[in-house]
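Right, I'll just put the structure down here and ask away after.
Per-chain numbering from 1; labels A, B, C, D, E and F assigned in written order.
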Amino acid sequence: MNGLDIWMRENPITYVVLGSYAVAFLIFAVEIAMVRHKRKITLQQVRLMRDAGDEE
Amino acid sequence: MSGLFMLVIRRDLMLAMRRRADVLTTLIFFVMVVSLFPLGVGPEMDMLRKMAPGVLWVAALLSSMLSLGRLFSADHLDGTLEQMMLAPQSLSMLVLGKMAAHWMVSGLPLVLMAPVLGIQFDMSAEALGILIVGLLLGTPILSMIGGIGAALTLGLRGGGVLLSLLVLPLCIPVLIFGTGAVEAVSTGLSVASHLSLLGALLVLALAFTPWVTAQALRISME
Amino acid sequence: MSGLFMLVIRRDLMLAMRRRADVLTTLIFFVMVVSLFPLGVGPEMDMLRKMAPGVLWVAALLSSMLSLGRLFSADHLDGTLEQMMLAPQSLSMLVLGKMAAHWMVSGLPLVLMAPVLGIQFDMSAEALGILIVGLLLGTPILSMIGGIGAALTLGLRGGGVLLSLLVLPLCIPVLIFGTGAVEAVSTGLSVASHLSLLGALLVLALAFTPWVTAQALRISME
Amino acid sequence: MAINWFKYSAPTTFYGLAGKLIPWFGISAAILFAVGLYIGFFVAPTDYQQGEFYRIIFIHVPSSIISMFLYLIMAGYAAMGLIFNTRLSSMMATAIAPTGALFAFISLWTGALWGKPMWGAWWVWDARLTSELILLFLYLGYIALHASIDDPRRADRASALLAIVGSVNVPIIYFSVQWWNTLHQGSTIKFSGTSMHVAMQQAMFITLVACWLYAIAVILARVRSIILERERHTKWITELPEVKN
Amino acid sequence: MLEVSNLACSRGDHRLFSGLSFELHPGQIMQVQGENGSGKTSLLRTLCGFLMPDEGDILWNGGDIRELEEEYYADMLYLGHLNAIKDELSGLENLRISAGLSGVELDEKEAIAALRRMGLKGRELLPTKVLSQGQRRRVALARLLVSDAKLWVLDEPLAALDVGAVALIQELIAEHLARQGMVIFTTHQPLLVSGMEMRTLTLTRAGSGAGGRMA
Amino acid sequence: MLEVSNLACSRGDHRLFSGLSFELHPGQIMQVQGENGSGKTSLLRTLCGFLMPDEGDILWNGGDIRELEEEYYADMLYLGHLNAIKDELSGLENLRISAGLSGVELDEKEAIAALRRMGLKGRELLPTKVLSQGQRRRVALARLLVSDAKLWVLDEPLAALDVGAVALIQELIAEHLARQGMVIFTTHQPLLVSGMEMRTLTLTRAGSGAGGRMA
């Protein structure tokens, strides 16, 4: 833990950018990816349902 | 033999995974219980650091108790337990499978989560390491002892009271050795002796609890 | 109206008496959680005295959570809940009855047990008195808020843990005011304001939770 | 027929409208982020007390504020869904929850990161921190309950009830926690935001708006998927261009 | 009088029935027929107000049951697939409590008499968990003897009962009808009520076109 | 071959039956009859080894079932009042697991075929909690199709089933007997197995003198 402390004091900007902003934007990116994935899956399902419905 | 063991594990994990949220829920619950203590006790770090191992262990015990209550009772109510007893294989093996599945769902995630929570309590890295090893040895024991309790409380008639009184205190040694090991770090006492006692308990539990639980189930079913 | 209330209380108490093990399990759990801390933290009386209210309150909260799972689920499984919803009287009243019975079975024994445990922590007589008053006001709130959670999680897998996940955050103010009152004794601050806040919460809970729980039950039954 | 039209109109028009709006919100969020962070990192001066560490504020404060407001908005939508039985409101509530939880998490994470250099600890049991943590639990409870119920109509109504109860409780929690903490001891190191530089204020305001726009874009995108999923049996869904091909 | 008009109900993706209409007047009895899974239980539960219908109205003496609520519940009695009895309590306690819930105060003597008439002599004080399946059903059915509800909604009342008990239930239903009561029930076993015209409502399987047909 | 000699069983203070003896040979079927509470379920559960008889022996191929244990259980299949299916799992998963427990590995295709034969087409993948009472019973009964047990012990297999399903069960039993299987069952509804001599064992009500009578 001590090593981290020293490193942090020497490179505050790196610490801030990597620790907060990189993580925050990573989270945003993951959320966007999840939303897009969900849309893809849902569209697939809807098409599947429609095709199944047509057969009946 | 081991086929049945795997089948039961697979079945119970499937039941748990049916709601993927389930596993997460246990975890969040653990986090929440741990966070309650500072709220009750107050924010002084010194005191919190001292309480940490006890708090984490109690929270682990609690999450395993809350999820164990229904280990057999759900199967009992819908008749699956009867069918399990009619399986042409050893009941102990089957019981062991159920316990293992329970541990994977409710014990293992806690062990992995514990260090993060330890940081909230400002625990040292060494103490965290010991905590994890202790939990790895101890949580399976909790699942197994809890299994006996769950089996005994199935068909409670008068006698059951006495039995559940016996089971809960059985968990106390686990808690004491588990917390003791972590405290030994800070007081400089021997950690190894605590951990090896936990290990011995684990071996004992593995050897006896499945059989005892199977007997308890047979009694409860009559 | 109040006939139904009494009927439900009588019924639930009767059932609890038939399964005495359940009541005892809650109580033993409470005692165990509380007694674990002196074992974990070590014998320094100063620190123990400071921790005492927090530990007792958290333990009370957790043990009431332990028994909440069964509040409605047993009645749900055997169809009694359906019949209760068809009773030609207000469902809120009936729910209030069940909450009251739950408190008598799982809250009241804790309140009575608390002073004995408080002595283990070297609490002063005055602090013990405040603790008991606080618990008397607070534990019914826990049962009532818990009722909402129990109704919402009816028939869901992972019941017990999910239930606590929903309910624990909502119970935090009770915990804070309850422990605050006891700590105010030692710091010489106003005890009355904490207790009157607890009282206000109790009145609020009495006014709203039965109705909310009744709505939750109707949703869950669909 | 008239009833049918009324019943389906809301999600139908909303679906198209949201689809058109999302890119605008998304692009302006990206631009504002860029501008805000530029000002924050290159224009705003170094704080004489905290050095460079204070620059975490441009993500920390917006996410804290948004996580709190989103809970209220979510509860509002949920209540509307429960009382007026409008399906779109329930879907909005469901769509908001994950974003709210993520912002609460970002707030906790960035706060912890800030705390290490400032207080020397990742975490202290300060009132504001604690209530933010509880807020995260409330979000997670809502999400977990919604996910555990199979029937979406039932899930909507049950979790709406929870959200409402939670929103009544949030102020109580907030004050109780504050009181709990201040009674104990002189509050731990607190940041005094009085002497904030203009550039800092500007940067924070711009990133706040950017975060709002981002949140709206993501929520709208999510609600579109939810509409598709829930309404998949209706005719208008099967006639959508993206479904047809 | 119970009026159902244009009722439609679906579970999950399946439309169980739609456009269902019927009236039930005092003294009338109606059997709901259909294969397994055709929606009989769902219909009865909709009549109880547990399930929200997709469309249509259910009126009791002219008022919507969702608005009448307790007034309606005072007039009706529902027995479902589940017995709604507590394993740990005796038949006597169970009967008194369930009667109490529906607003009928019962003293011990009356309760015992009812249980005896249901053929549970000597078993009144045993915890119901030791009783046989049929005996537990009889404890649940004993409510029919002590209720003053006008409308009985019975979901497979004959399940697990032996021939003697089936005859007894037939008798009880006949008495109830003679008192101008109303009965809706389902069963897969034949149930004959003497001297009464039995109306039947047949639900056809969801796959083969949803709908109900009155006979 | 199942041999029961001089069996006696009592629950609580009640002697349910005593001096009960019978033999069941391959290809034979026996119905246990009696009023509610006469001890049919208790007899079947004693044959499964759940209950300890007061007196008498139960022999399977000459060995005591309490000593044979797993060997005996590999040869028999019991279906009780309870369905032994998990609400959260689909019919498919339930069937594969319950077959697995009794030692039969089943692939997905076989399981679906069995469920379809039980009339559950289109419901194979729904969680069983949304199924109707009869459909859940059918999921439980699907085990009969995939089991290779010689002795079937069925406690009211027809409960909650509609006419079509009852006919199917009759067919299954007939096939099983033709394969030299054995069946013991109880029911309150008539069950006719074509081309087989049905033996009946009547248990008389405890009150009126305990005992069993073979016909």
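Basically, a contact is a pair of C-beta atoms (placed from the backbone, for glycine too) under 8 Å apart; a residue touches a chain by one contact, two chains touch by 3 or more.
Since the model is a prediction, treat every value here as computed from it, not as a measurement.
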Q. Among all the other chains, which ones are in touch with both chain D and chain E?
A. C
**Q.** Farthest chain relative to chain E (centres taken as mean CA coordinates)
**A.** A
**Q.** Leading chain pair when contacts are tallied as C-beta pairs
**A.** B-C
Q: Could you give the separation in Å between the centres of chain A and chain F, each centre being the mean of its C-alpha atoms?
A: 54
Q | Centroid distance [mean C-alpha coordinates] between chain E and chain B, Å | A | 45
Q: List the centre-to-centre spacing of chain A and chain B in whole Å, with centres computed as mean CA coordinates.
A: 33
Q.
Report the inter-centroid distance (CA atoms only) between chain B and chain F in whole Å.
A. 37
Q.
Counting only residues that touch at least two other chains, what does the list for chain B look like?
A. 15, 18-19, 21, 25, 28, 32, 39, 42, 77
Q) Tell me, which residues of chain F touch at least two other chains? A) 81, 88, 127
**Q.** Residues of chain A engaged with two or more neighbouring chains
**A.** none
(Q) For the complex, give me every residue of chain B touching chain C. (A) 15-16, 18-19, 21-22, 25-26, 28-29, 32-33, 36-37, 39-42, 47, 50-51, 53-54, 57-58, 62-63, 65-67, 69-70, 77, 153, 156, 160-161, 163-165, 168-169, 171-172, 175-176, 179, 183
(Q) For a test of understanding, state which residues of chain C touch chain E in their complex under the given definition. (A) 3-4, 7, 11, 14-15, 18-19, 77-80, 82-90, 94, 221-222
Q) Once bound in the complex, which stretches of chain D touch chain C? A) 134, 137-138, 140-141, 144-145, 148-149, 151, 153-154, 157-158, 161-162, 165-166, 169, 172-173, 176-177, 179-180, 183-184
Q) Touching chain E in the complex: which residues of chain F? A) 11-12, 34-42, 81, 119, 122-123, 126, 130-135, 137-138, 156, 159-166, 188-189, 207
Q. In their complex, what parts of chain B are in touch with chain D?
A. 19-21, 24-25, 28, 32, 35, 38-39, 42-45, 48, 119-120, 122
